[in-house]
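Reviewing the structure listed below.
Order as written gives the chain letters A, B, C and D; numbering starts at 1 within each chain.
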Amino acid sequence: MIELYHVWKQYQKPGWALSDVTITVKKGEFCFITGPSGSGKSTLLKTMYREVVPTEGQIIIGGKNILKIPDHKIYLLRRNMGIVYQDFRLLFHRRVFDNVAVALQVIGAPMKDMKRKVFIALRMVNLHHRIWDYPSHLSYGEQQRLAIARAVVNNPRILLADEPTGNLDPKLAVEIIGLFKEINKQGTTVIICTHDKELIRQFGDRILFLHEGKLLRKDAA
Amino acid sequence: MIIYKAKYFLRETANNLWQYKTRHFFSLTIICLSFLIVGLFLAISNNLRDRADDLSKNLVIVFYLQKSLPAAEQDLIEQQVRHSPLVADVRVISPAEASEKLLQDFPGLKDILMNLQTNPFPASIEATLKDPRTPYDQTLRFITEMKKNAGVEDVQFNRDWADKIQSLSRLAQAVGFFLGGILILASFIIISNVIKLNVFARKSEIEILRLVGGTNTFIRIPFLLEGISLGMAGSLLSLFLLLIITKIFPVYLGTSLGALQELISFRYLSFSQVISMVAGGGFVGFLGSLSSLSRFLRI
Amino acid sequence: MIIYKAKYFLRETANNLWQYKTRHFFSLTIICLSFLIVGLFLAISNNLRDRADDLSKNLVIVFYLQKSLPAAEQDLIEQQVRHSPLVADVRVISPAEASEKLLQDFPGLKDILMNLQTNPFPASIEATLKDPRTPYDQTLRFITEMKKNAGVEDVQFNRDWADKIQSLSRLAQAVGFFLGGILILASFIIISNVIKLNVFARKSEIEILRLVGGTNTFIRIPFLLEGISLGMAGSLLSLFLLLIITKIFPVYLGTSLGALQELISFRYLSFSQVISMVAGGGFVGFLGSLSSLSRFLRI
Amino acid sequence: MIELYHVWKQYQKPGWALSDVTITVKKGEFCFITGPSGSGKSTLLKTMYREVVPTEGQIIIGGKNILKIPDHKIYLLRRNMGIVYQDFRLLFHRRVFDNVAVALQVIGAPMKDMKRKVFIALRMVNLHHRIWDYPSHLSYGEQQRLAIARAVVNNPRILLADEPTGNLDPKLAVEIIGLFKEINKQGTTVIICTHDKELIRQFGDRILFLHEGKLLRKDAA
């Protein structure tokens, strides 16, 4: 499903954010990426949805080399992905509802369908009672949950989550990863970046360990 | 699906317009002002052209005929003048009419003229030119030819008048093109910049739309609609203000203007001018937002 | 400490100006344009006033004297005219001069006048008014009084001329006040809005400054400096453009204008006008940013 | 040092973000606030530096009722505080240096003094090698460390930190809290919100537990 071959990334000289990373994540896998702060976890995830273009290497997703897709076709790749960003990236001038609905609006979903799906997604992360509120009125952990709801609303084939539980209490964190596991069981490939050892211990099918841009350990499922 | 998208676009545009209302109000003011000034100059130049046409009716060449010229020869000259392609209208002025005219201009001469036994004035033919913009050398050639005729004793052609009218219309045109061009450009820049600001303000939103799989067109359409509405609203508003000004300004200046009042009397724009102002507004808005989008959202 | 802060403020202002250079460029264009138009009208109205003054020199009352009036009585009338507080200059025109003048205007009359044994023209006294803006009834009173004199046979006073000059200057004033007022207001709104936009764009920064313990003054000063620099830069730029226009525009219109060229000849602004334009720019900028700050950063 | 008396806060009807919270934190104390997502931790912290004004109750800091300070004098309160925000609040258009220096600039510190202090603070959080970079070029954990450096640069008398280790790996998290402990030893009062049970276990002198806006347990040092 997701194949990275000898991916290197340099933002600024000197130093490499990623150096020679080769990974294959199979369809339906549930996979953690971990490593110290600044080790390149987010960068690795970003290359997968082409927010970051690697300096060298190839990335094949669903059989397609995503580095060869022209800029104006990139949306086709992203419509199949649900992404939870480390910095949430919420629409702060839109209501909670619109923040989730936007993932359906871009594909022109009818309103009624949209309302139902949005509500279901918000209930999953326990935010349905704030549906008409604004993100700026949410606590930080609630914002994180909103970001998660948006990522899952569209039944994506691939789910990428960057530190999705960094601002949640341990109980809620377990619930959220449980939710991801649930989605994974329906066939979605899931990749999660996290620092939380407890979660990895509890759910870790497969763990990728990054250190200064290099992949240290590859644990097969 | 198209209907859902259309609904979304309209809602989005309305949202955008409403959310940055301060900015839009301010840009609208300036766009409206620009179009207002364009409109004003259009109106002024309309009126100037009318005035120039009025004046051109007085643009005449006067042929003074020999005294006691036989009527047949006089007719011959009149026919010759009348057939020139330059001439629109011909009027024959008898000696009696000429004397009367002089008396009107100089009432002080009354005694003198009354005391004369014969009318000292020659008859003359006044030829009104068809087009006040006729090149001077053409007119001159016509005059030289007429002078060859023995019956024509003298020719008067006030070149100054023709020059003045020609340069007045040229001036109006120049000022119109100059100011109009600058201000339309200014409106374009303003709209382009407002949209750019909006794009900037929504930079993170746009990024999010891209990240959840929105196409370029999907992201752009609301901004284009925004630009078009701004431009059209601006020009519509300016037309309305212009209407008010053309009604109020003359009243304000009032009777004190005397003869000049006629020169600056404001008439409203023609229907086709109104239409092209509004369409121009929309077009400028469209181009403005397009230009700012192509730079900010790579195609 | 004050020096460190002053350094910080200047750096901050420069940063602000540089960071939003697109926005500032665009606002500068508009401010400059506004001031340019104000400057243009100032220049035009300067020139119009000069022209009006020139014309007013020709604003005369002509007193036609009785034919064959004794020289002593003629002198008496001349003295009377000369002593009126309204009159600036007096010229006596002899019958011979009058006849010459008529011949100049109407060469066709040459034969007639030559054939007359005596000069039919009366002598006349031309009185130039001191101030072309003298109220009409004062002038009229003066004329009526002069008419009582037996030696004065007729008085000619071209009221139209006076009216035209008066209304021309009034028109220039009105247009100047109207457009100038609108455009200075527009500049004010623009600067105020640009600063508002900058404040908006830096909303989170301002919040952070507050949270780390910055005072209101500390936060405001860079914005005030920004507004002032915008206003002053705009007016300076417009003065420069105006200089170019006053040099180039007449050349462009060239000789084709003939008599009108004189009417629109552009002279540059006076030194005090230049100074007040620049100071005005700075002041408008200051007020503009102050107004937007007081609304956005509570005092 | 910090005294809260019967503090209530309601953002929107119905429900209370804080209900009847009474705390006294003494000078030089080291104190954790914990509780599930949305329980009011951030709100409690915000009332202390008057970003949020409580609906009811009184707050006394350093002997002064901060709710009685006029708006234009609030800066005097904040100059004595170092605050790490849950959402970092960095100046994204300024360099890392300026982000830290700003806390010194507002009090008109001379440039030379400033440079030295900024460098020391950045070295503490291990970011000194990125001093002339921009925050947008930092990883999320690095941004968090930058926020921490700004909070400590001015040797504040009170240090408030909202989830300062949410995006850091466990090793770094311990280092940072160790740093706070260090500062605390020099007499600074420290209050930290966190979800991290491990940190609380390791450093917890005193723990305040919030649940739906109510204070549950008060553990004296």
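Here, a contact is a pair of C-beta atoms (placed from the backbone, for glycine too) under 8 Å apart; a residue touches a chain by one contact, two chains touch by 3 or more.
The structure displayed is predicted, hence computed values, not measured ones.
A.B. asks: From subunit B, count the fewest steps through touching chains until subunit D is reached.
C.D. replies: Step count on the best path from subunit B to subunit D: 2.
A.B. asks: Sort the other chains by how far their Cα centres are from that of subunit C and give me the top one.
C.D. replies: A
A.B. asks: Once you find the CA centre of subunit A and the CA centre of subunit B, what distance in Å lies between them?
C.D. replies: So the centroids are 63 Å from each other.
A.B. asks: Suppose each chain is reduced to the average of its Cα coordinates; what separation in Å results between subunit A and subunit D?
C.D. replies: Once rounded, the distance between the two centres reads 29 Å.
A.B. asks: Express in whole angstrom the distance between the two chain centres, defined as the mean CA positions of subunit A and subunit C.
C.D. replies: The mean C-alpha positions of subunit A and subunit C differ by 68 Å.
A.B. asks: Using the touch rule from the top of the page, what residues of subunit C touch 2 or more other chains?
C.D. replies: Where subunit C is concerned, no single residue meets two or more other chains.
A.B. asks: Two or more other chains touching the same residue: where does that happen in subunit A?
C.D. replies: Within subunit A, no residue touches at least two other chains.
A.B. asks: Counting only chain pairs that touch, give me the topology of the graph as line, ring, star, complete or other.
C.D. replies: ring
A.B. asks: Run through the chains and report each pair that touches.
C.D. replies: A-B, A-D, B-C, C-D
A.B. asks: Going by the contact rule at the top, pick out the subunit D residues touching subunit A in the complex.
C.D. replies: My answer: residues 11-12, 34-38, 42, 86-87, 133, 137-142, 144-145, 162-163, 166-173, 195, 197.
A.B. asks: State the interface residues of subunit C toward subunit D in the complex, per the touch definition above.
C.D. replies: Listed in rising order, the residues are 1-2, 4-5, 7-8, 19, 204-205, 207-216, 218, 298-299.
A.B. asks: Flag every residue of subunit C that touches subunit B in the complex, lowest number first.
C.D. replies: 22-23, 26, 29-30, 33, 64, 102, 106-109, 111-112, 115-116, 120-122, 154, 160, 163-164, 166-168, 170-171, 174, 182, 186, 189-190, 193, 196-197, 200-201, 252-253, 256-261, 264
A.B. asks: Show me the residue ranges of subunit D that touch subunit C in the complex, using the header's touch definition.
C.D. replies: Residues 49, 51, 71-72, 74-79, 81, 83, 85, 89-91, 93, 102-103, 105-111, 150.
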